[in-house]
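Here's the structure, in structure tokens; my notes come after.
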Amino acid sequence: MRLHEYQAKDVFADAGVPTPPSALATTVDEAVEHAEEIGYPVAVKAQVHVGGRGKAGGIKLVENAEEAREAADAILGMDLKGYHVDKVLVEGAVDFKNELYVGITMDRGEGKPVAMVSTQGGVNIEEVAAENPEAIAREHIDPAFGMHPYQARKAVYDAGVPKAVARDVASVLTTLYDLWENNDASDAEINPLMITEDDEVIAADAVLNVDDDALFRHPDLAEMEDEAAEDALEAKANEYGFDYVRLDGNVGIIGNGAGLVMTTLDLVDYYGGKPANFLDIGGGAKAERVVNALDMVFSDDNVDAVVFNIFGGITRGDEVAKGINEALGQFDEIPKPVVVRLAGTNAEEGREILNDELVTVEETLEGAVQRTVEYAEDEQ
Amino acid sequence: MSILVDEDTRVVVQGITGGEGKFHTEQMIEYGTNVVAGTSPGKGGQEVAGVPVYDTVEEAVEAEDADASVVFVPPAFAADAIFEALDTDLDLVVAITEGIPTQDMAKVNKRLDEVDTRLQGPNCPGIITPGESKLGILPGNIFSEGNVGLVSRSGTLTYQVVDSLTQRGIGQTTAIGIGGDPIIGTSFIDALELFENDPDTDAVVMCGEIGGEDEEEAAAYIAEHMDTPVAGFIAGRTAPPGKRMGHAGAIVSGSGTGTAASKIDALNDAGVPVGDTPEEVADDVEDLL
Amino acid sequence: MRLHEYQAKDVFADAGVPTPPSALATTVDEAVEHAEEIGYPVAVKAQVHVGGRGKAGGIKLVENAEEAREAADAILGMDLKGYHVDKVLVEGAVDFKNELYVGITMDRGEGKPVAMVSTQGGVNIEEVAAENPEAIAREHIDPAFGMHPYQARKAVYDAGVPKAVARDVASVLTTLYDLWENNDASDAEINPLMITEDDEVIAADAVLNVDDDALFRHPDLAEMEDEAAEDALEAKANEYGFDYVRLDGNVGIIGNGAGLVMTTLDLVDYYGGKPANFLDIGGGAKAERVVNALDMVFSDDNVDAVVFNIFGGITRGDEVAKGINEALGQFDEIPKPVVVRLAGTNAEEGREILNDELVTVEETLEGAVQRTVEYAEDEQ
Amino acid sequence: MSILVDEDTRVVVQGITGGEGKFHTEQMIEYGTNVVAGTSPGKGGQEVAGVPVYDTVEEAVEAEDADASVVFVPPAFAADAIFEALDTDLDLVVAITEGIPTQDMAKVNKRLDEVDTRLQGPNCPGIITPGESKLGILPGNIFSEGNVGLVSRSGTLTYQVVDSLTQRGIGQTTAIGIGGDPIIGTSFIDALELFENDPDTDAVVMCGEIGGEDEEEAAAYIAEHMDTPVAGFIAGRTAPPGKRMGHAGAIVSGSGTGTAASKIDALNDAGVPVGDTPEEVADDVEDLL
């Protein structure tokens, strides 16, 4: 789960990280009002989960009320890389002489957190990482001890942060690690961390991505989740607790286990079809989840046929079959042809339970995928 | 022979009184696994599927002289259960649980450096030595005894490939699902090394997927250290960059590494054929044997 | 630093440990008022840092207002093993069927914390530890990870705590560890932790001893320090930041370094004298500390002569000498004879600076002690 | 020869810009210690007593190829300074600082299990190999070169005993103050083992004090493992039970162990003479040589 900039900034500011004065607006009038209060220049920033907002026209710097009104009017309601903008953050602009990058993330190769500092902030840090990796100082953290103060200092000195602000930047980095840990974050970043002419450090942006698996420990963060900002179908998947990715083909795919579902996508492609989605109903899937999964895939108008591929381990074939019967029983007419392939635990029982007036049953994966691709072609 | 588990392995089921724990304990016993104890705090003294339940793993291990445990504890408590198991002298802990917070696993990962016990998983289907023992949720009926080792990041994909092998009469020494999470106890390389040292394993199938660098590192290991031939499969060829697909691991960064192409190239460079479909993988294994 | 029972209970209750209803009283009327509010039976408990308060008459169980008045009247103002009682805790009595012991302390042999649980609470746990050590379940904690929940359960099950309350006791133990860690405690204990007929667990006593070296991190705890409850001289030492122990002899002893001061005490004894105190002015002692040390020792009426034994490492002899001159310069007449022995860093400079009209200078430790013992004998 | 430090030891002073750090850096250099660098965050680039100052220990160690550090950092920051030193490949870290919170030291103690670097102290006077090098605050002038090793929990008591030895013409190979805190990096046994393996050390003086079990354990070690003769001293014979005397370590529990009597008995049982006064210790050493 990714927090919006304004949410992350609130969390960071509460922890003592200096941030610019700012306020959230959902209407143009509100935005102008906030801009007047804060004093110009201010930035008007679209609050959507999209990288490169600035280049895409989602951030505008304005000098007076008229410009603020224009900017808010342009940004509120705009479609930014597929995301509808319904909130802007109005934020006092900061005069800066340097822009740093500071971040904490999990280094999966090492299996431990890593703190990163660079004096090349304010630009695409991924580019810096790819082209000039030594421009980012890295310090691995022992998660049992947490970040020692010396490690923050070391990263800051190694990165070549100017001495006048080194202590303050180290302190921000220490706080950032605490935020990362206390919020079960996968990433906590400030880019840019601005250094003003007076050698003050200010977080001009804030990223806090939280581990979905740990949200149960953070009801306050879970509440911040902003369904509206996501693709409607993805939001629905979220509600149902599915791993779902919408794609642009017409073959709906439901399966259990990320590897098998990905393989099913790959096979659809291999046999000449185009996947409409990735949908993993996960382990231990019960009838209700199957109902929900079919509901999701049928909700996608692009879908012309559905392949339902279950290889049972923790998921039992009989449960899946009941779910499929139940889900399809809710329709007067089956909206799209469904091909089912069951294997593994209780698969035979499942195949027996399946109502073959409602679905096509196939025994092999390759057969099921080929049949579905055919159906999808027929429907077009 | 086999790796890690065999008919002598004495198994503790952690979380045996839960729904999944109980169901799979029955399944494991039915398969022939020597399940000697279960644990569930506060339920010590009960029995599940004829197996004695203890309050703590230490009690269970000491009373029943166990070698391995399999963890069915819900994600919020699973890391604690793993720590508890690592605090005993078990040889192997197999964590099935899906959805353990990554920061919890980073701490577990540190503990693993301090102990001799091996962790497999989490978020994995377990391990099976066909005809002898299975620890986890793998459907035993699709496996058969033989001379091919299998290691996979994905659960159900493993079953798919094994099913293809078994239907051709190609049996397995041991099949191990290492799990799809960003932080896992046993890596591809760990498993490959074990198979390389198992005289009965004549070929190995390695099923990877997009995300991370583990397959690339495994390819380098194979090129340098393995005589046993390896066949590969990589899921996620059609996954668009930047999208997370299920597993925390299955996300393509788009920066050139971690993609299916990069993994397939690395494996091919190491002399590993990579099939386009699970059936092709079975074809490759037939060729290698 | 040791918190009073009522202070520790407040800290424990804030952390969610169940405690009986209670209130602090400094007057008899107040005590009776609290007793009436809480409802009988109540315990009236002296708030002093003394073990075995009950046996010494510092705890009384009362059934009505009259008894409460009598008890408060008897306890308030009493002298309990040398400590003046000026506060009582009035606390609702708990009906219990079992008394447990739970505690966290630092095991210095292992260099790590240890959690302890026993079903033989309510009595002298030190006796249990000495006579029946296996009656105490112990679980060592890795301080980097903190106490894992399984470790609390393990200790509780190992100790044989009844199953009906095992979960609650484990939860109290986990909280106790967090309290121990968050407050930089050396010891955190509940003895007894009572189990009621209804299988509720209640902390009937609370011990929280805080590492003096860590008090800088805990200004809230430092404020709770109760000077009045200590020996007046020891309170003064505390104010000056000295390690001081009052003894019952007449030879005042000042030195630097615990080992050397203890050796000086041993030598006073060896040469037939009786030490009046242990006073370590510590490393890096400056003139002001020396003035304070002499002030302390002269404040003890039992002292007949003083030996000042400094072997300089971090403490420089010239600084010590200046301090001695300065301290003695404040007296029209030196109250007791002072023998000074300086060695080590800048010792010669120190000996030159010393005003030998005010003090006797000796070169050897044995010589200095013998001379002081003689002076002390002469003074009597 | 000597233990742990000699004329080739290249020393970093952590906290060199503080009052005590600066004073003792000058004292160490005057004694002949090869102080090659100092550290003080934010003061990198400066010089103290002619020694270059770095912002981090890693920089200092790498730039000056240092072997050991000595820590003069104030107690609130000292544990962090020790962690920083342990994160480099220094052989020895000598922590002089007094008053480090015990829980901080428990964490340091755990880290010590994970690294090869040795910690000495904290709350100790340091270590000296007379005529070659001293790390810490020991007054160099009272030491002399010779064949007696000395290990002590107390700082100034060490000086007292050394003074007695030196005045009789008995010199020292190395004297090491292990520190009086409840948790320390180098124990009596560690130091005794080093002396036992040092061919130039012909006798060892061990100065203990009341509290803890370290002297009893050291006595057992001496009885079992040492050929080099040992003379002992125990401070705190007249300390009343239950009173804490200065060092956190110097408290007698009154339960039979940790008392001066128990320690003296244990040492005597191990064949170690224990003097009543520092002068008697010197007598014992003369007898042993």
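Each chain carries a letter (A, B, C and D) given by its place in the written order, and its residues are counted from 1.
The criterion applied here is as follows: contacts are C-beta pairs under 8 Å (C-beta built on N, C-alpha and C of every residue); 3 or more make two chains touch, one makes a residue touch a chain.
A quick map from chain label to UniProt name: A, C = Succinate--CoA ligase [ADP-forming] subunit beta; B, D = Succinate--CoA ligase [ADP-forming] subunit alpha.
Computed from a prediction, not measured in an experiment: that's the story for all the values here.
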Remaining connected clusters, assuming chain C were absent and nothing shifted: one piece
Which of B-C and A-B has more C-beta contact pairs: A-B
Rounded Å distance between chain C and chain D, as computed from the means of their C-alpha atoms: 28
Between chain D and chain A, distance of the C-alpha-averaged centres to the nearest whole Å: 55
For chain C, residues that touch 2 or more chains besides their own: 142, 144-145
Residues of chain D touching at least two other chains: 107, 111
Chain C-facing residues of chain A, complex: 142, 144-145
Of chain A, residues touching chain D in the complex: 145, 148-151, 153-154, 157-158, 163, 166-167
Contact footprint of chain D on chain C as seen in their complex: 106, 108-109, 111-113, 126, 130, 142-144, 181, 184, 186, 211, 213-214, 216-217, 243, 245, 247, 255-263, 265-270, 275, 278, 280, 282-284, 310-314, 343-345, 347, 365-366
Residue ranges of chain B touching chain C (in the complex, touch as defined): 41-42, 44, 55-59, 77, 80-81, 83-84, 87, 107, 111
Footprint of chain C on chain D - complex, ascending: 20, 24, 27, 75-76, 96, 98-107, 109-111, 125, 136-139, 142, 152-160, 163, 180, 182-183, 207, 209-210, 212-213, 233, 235-240, 243-250, 255, 276-279
